[in-house]
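The structure under discussion is supplied below as structure tokens; questions concerning it will follow.
Naming follows writing order (A, B and C), and every chain is counted from residue 1.
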Amino acid sequence: MTDRPIAATAHEVEHVRKRERRFLFSPWHLVLIPIAIAMLIPLVWMLVTSVQTLNETRQYPPTLVPHSIQWHNYSDVLRLAPFGRWFLNTTIVTVTVVIGNLLFCSLAGYAFARIKFFGREVVFVLVLATLMIPFQVVMIPTFLIVRRLGLIDTLGALIVPNLAGAFGIFLLRQFFRTLPVELEEAARIDGASRIGVLFKIVLPLSGPALATLAVITFLWTWNDFLWPLITIYSPSNYTLQLGLTTFQGAHATITNLLMAANVMSMIPVLLLFFVAQRYFIRGIATTGLKG
Amino acid sequence: MQARKVLQSDHVTGWALAFPAVFLIVIFGIVPIIWSAILSFQRTNLIAPPVWVGLENYRALPKDPLFKTSVAHSIVYTVLFVPVSVAGGLFTAVALNRKIRGVRFYRTAVFVPVVVSTIATAIMFLWLFDPNFGLANWLLGKVGLGPYGFFDSVNGALYSIVGMTVWGWIGFDVIIYLAALQGIPQELVEAAEIDGAGKWGLFRSVTVPLLGPATLFLVVWSTINALQLFDEVYFLTHGGPGTATYVVVFYLYNLAFSQGIAGYAAAMAYVLFAAILALTVVQLLIGKRTVYYAS
Amino acid sequence: MKRMWLIAPLVLVMLAAACTNKTSGSQSSGSPSGVVHLTMWMGYTQPPPVSQSYEYLSLDSLVKEFNKEHPNIQISVQYVNSDYALQKATVALQGNKQPDISYQYGTNMPQLAGAPKLVNLTKMVQEPGFNWNDFFPGERDVATVGGKVLGVPALVDNLAVVYNKTLFAKAGITPPTSSWTWSDLMADAAKVNDPSNKIFGLAFPADGSETTVWEYEAMLWEAGGDILNSTNTKAIFNSPAGVRALTTLQQMAQAKDLYLDFHPDAGKSEELFNSGKIGMIITGPWDLSSFPNAHYGVQFMPSFDPGGSHQTIAGPDNWVIFNNGPARVAAAWEFLKWFTATPQLLKDSMATGHLPTRASVETQPGFSQFGVKYPGEGTYAENLHNVLKARPQIPQYPRVSQALGQAIVNVLLGKGAPQQELNAAAQQATGFLAVPQ
């Protein structure tokens, strides 16, 4: 590839600027704006409901414009419920599970993707099989196993069974296979071990896949409800989702506070997603191919 | 020398790398599955001591009209949901895979439905598509269409659920495809453009084949989940109106936890499990032949 | 660098496990001379929810009072959403982590009945001074499964017609009297119904769940019918009485005076009623707090014939005791005896608006202001005397209910005629009754 002369004529500079400007006002906006609106409507409704008074939430059809804005709903939730404790518990559990998945699913995903070992296909299908039965059916035996390990009513019950999931293994296996195997073979010829190849060659090229796994695992662990419901008893060990049920009273739901709490619990995931975007940059994958 | 060769052999390395994850999955995934197989041979409500009934639960399944209805609904739902959400995810990801102003915002917006809780989504959709008071019929009325029953109509409820779940999950397909699109080498794209391929030709002969692994993943994943549809039915329609949206997992959940017939529910879960397993294996085998991996 | 990957998650796991406190002492049986600690599961949320605050505060203050007066029995209360109480108890029982006392819906009793650790209270409720018969008959029927008393009534309600006074006035109708009939109700619904303004006469749950079925069952009993025969071996709701009740609903549906609510759990009917879009709703006292913006009145269910029965249906819930050893069972019974005694019930009713579970509460002088303090509840309290029957407390009931529910929905949707649908459902239900569960 010959290098272009850096010095450009004024004409070329202007041409490039025009193209950049077209980028910024691309016609794609016409497609994306309606899609974005359709996707955001429930969030808008949640935000509106979260600043209404309780009486306003009992109207039907729902009012999308609140009569008054009750910002104190948010501080009420924080003040009157141990929101901070729930947040801390959920964070500890979620971060640990995400790290565990990133690590264990990378190791296993690489093995399934590149290493031909005895029983590989059968074990892979076995791993996938764990996705094929509804959780409600297996939750009691899982509870009994976790109880035998003495983890009931600890955060460990929420962490240990979820440290490696079939989702991560399947996802990474697929992605590792799309990487050019020549790079890995070259490194092995140079004497690198399999693990060395994984950590030094494959993982650095897998930014988008790892970011995806992190975000999705984060989301699922953060929002998990049924498992914490049956394994956690002490309020001090409550996760966010469990804590939210305390806004659902015996007979009626405190919709406005529930929505305020819901909005607050959505923020970390959305923030993580927004930040993880930088790993979705084209260019990491191509650097390995030149030379 | 021999020992080192064995230790370095692929079989040992492969197992060593896979072991931690597989170990965890076997203990917390496979063992409970086998344990609950025992349930399917019992009559139990999970509270009183169980009674052994052998294959009676399995024999009762083909005679159960509600089971057959649920299976039909699950199949219709899956056949509609998987192609629409995967294809929709692909096109949306392609639209989002460009450096235009605000693309980060658009991507987050598309991802929001995945993050919103099912309860909030259900309440929202119940209002939007309320036959009498909802926004949808109001808008459709302005262009002379409708009113439609949506979730309250016996014929339309299942399709309405398809629509709602596509909306709720398409962000997931998008995020997977976006990650996969990053892996398409620029040289291939440029080479095709030099060869004179138009946008559509480029898409068809370069992009789509190279997205094969991601597509296989999404098709398998979406199928496994679609056949186990539960949350949306539970929070929105409760299987109704009538039994119009009864699906297999909703039926077995009711049997086990509302009606105390857990053994029969476990048998139903196992039949579903076998079907999903068989279907997945078929999909993976087809994928082996047709999916192109960069190596 | 490599080793960090392996160590970090292990450290975090250990941190997490260590960081958390396990509950202690919930399974210790407590020495006879020492303090007995009991755990009690209940579903009332703590403040700030305004309408629910009173329930939690009342229970909390009563428990605190008991704890103070009984230093050797200490109750600690734990919130468990009542919708999930059965599921959570099921799992807990499997792992021997059950509480001592738990709040359970009356409909959960047949399933719980088989639990070996559920305490049989039959002899205990016959103790002198407990006055088991002071509890209303409908409640006692629900707490009894297979001849054994397995719970103490915790809460009672019943169904009555809540009507919108403003809409009635606008339509020029006089409010219903306690001797009104279904013909009166149908006429009222027709007058209030105003399609051009999207106002409906009567809301009716149409999802085929127990919410649909139990409203119909009240009508079935009023018409003189029954769900099952006396030995619970045959479904008899397809009697002429059953057909009459279902035909009344069919006529209203055909006249389009009904708002068919396919999502009763979502609270749509309540919100619509509160917004003045529905004239009448058949519901219980728990819903009154959902109508802050509507001027409502409460009236007994109408009878089918003039001067006929105004029977209604109740959905009582129970406190159950789980066996964690004789000392704790005895202590739990001490608490429940005190907690459900007339003076405490009076305090609770006046503080929360709960209907009294014991008939003797209504004759207490302190009760006279109940109907004034809680508008509409006075009628519900009187209506308790109209609760004469209960749903069969057998494990097959949910399946029977499902069959009946489908029949009702089919008729409301116009997909079938009452006699045929009820016949088909009765046949199916009788089949379910024959299957042991």
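Everything that follows uses one rule, which is that a residue touches a chain if its C-beta (ideal position, glycine included) is under 8 Å from a C-beta of that chain, and two chains touch if they have at least 3 such contacts.
Keep in mind the model is a prediction, meaning the values are calculated, not measured.
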Would you kindly count the fewest steps from chain A to chain B, each step being a jump to a chain that touches the current one? 1
Work out the mean Cα position per chain and let me know which chain is farthest from chain B. C
Contact counts by the stated rule: is the higher one at A-C or B-C? A-C
Whole-Å distance, C-alpha centre of chain A to that of chain B, is 17
Which whole number of Å gives the spacing of the CA centres of chain A and chain C? 39
If you average the CA atoms of chain B and of chain C, how many Å lie between those two points? 36
Touching two or more other chains - residue numbers and ranges from chain C: 87, 90, 94, 268, 272, 277
Within chain B, the set of residues that touch 2 or more other chains is 46, 130, 133, 257
Per-residue overlap in chain A, given as positions that touch at least 2 other chains: 60-61, 139-140, 144, 160, 163, 195
Seen from chain B, its contact residues with chain C in the complex are 43, 45-49, 122-123, 126, 130, 132-133, 151-152, 154, 236-243, 257-261
Spell out the part of chain C that touches chain B in their complex, as residue ranges. 86-87, 90, 93-94, 110-116, 198, 206-209, 260, 262-263, 265-266, 268, 272, 277, 395, 398-399, 402, 406, 409-410, 413, 415, 436-437
Which residues of chain C touch chain A in their complex? 1-2, 5-6, 8-9, 12-13, 15-17, 19-23, 26, 43-52, 55, 78-79, 81-84, 87-88, 90-92, 94-95, 97, 267-268, 270-272, 274-275, 277, 286-287, 289-293
Which residues of chain A touch chain B in the complex? 23-26, 28-29, 31-32, 35-36, 38-43, 45-46, 60-62, 104-105, 107-108, 110-112, 115-118, 120, 123, 125-134, 136-142, 144-146, 160-167, 169-171, 174-175, 177-182, 194-195, 198, 207-209, 211-212, 215-216, 219, 223, 259, 262, 266, 269-270, 273-274, 277, 280-282, 284-286, 289
Which of the residues in chain B come into contact with chain A in the complex? 10-15, 17-18, 20-22, 24-33, 35-36, 39, 46, 92, 95-96, 98-102, 104-117, 120-121, 124, 127-128, 130, 133-134, 167, 171-172, 175-176, 178-187, 210, 213-214, 216-217, 220-221, 224-225, 228, 230, 249, 252-253, 256-257, 265-266, 269-270, 272-273, 276-277, 280-281, 284, 293-295
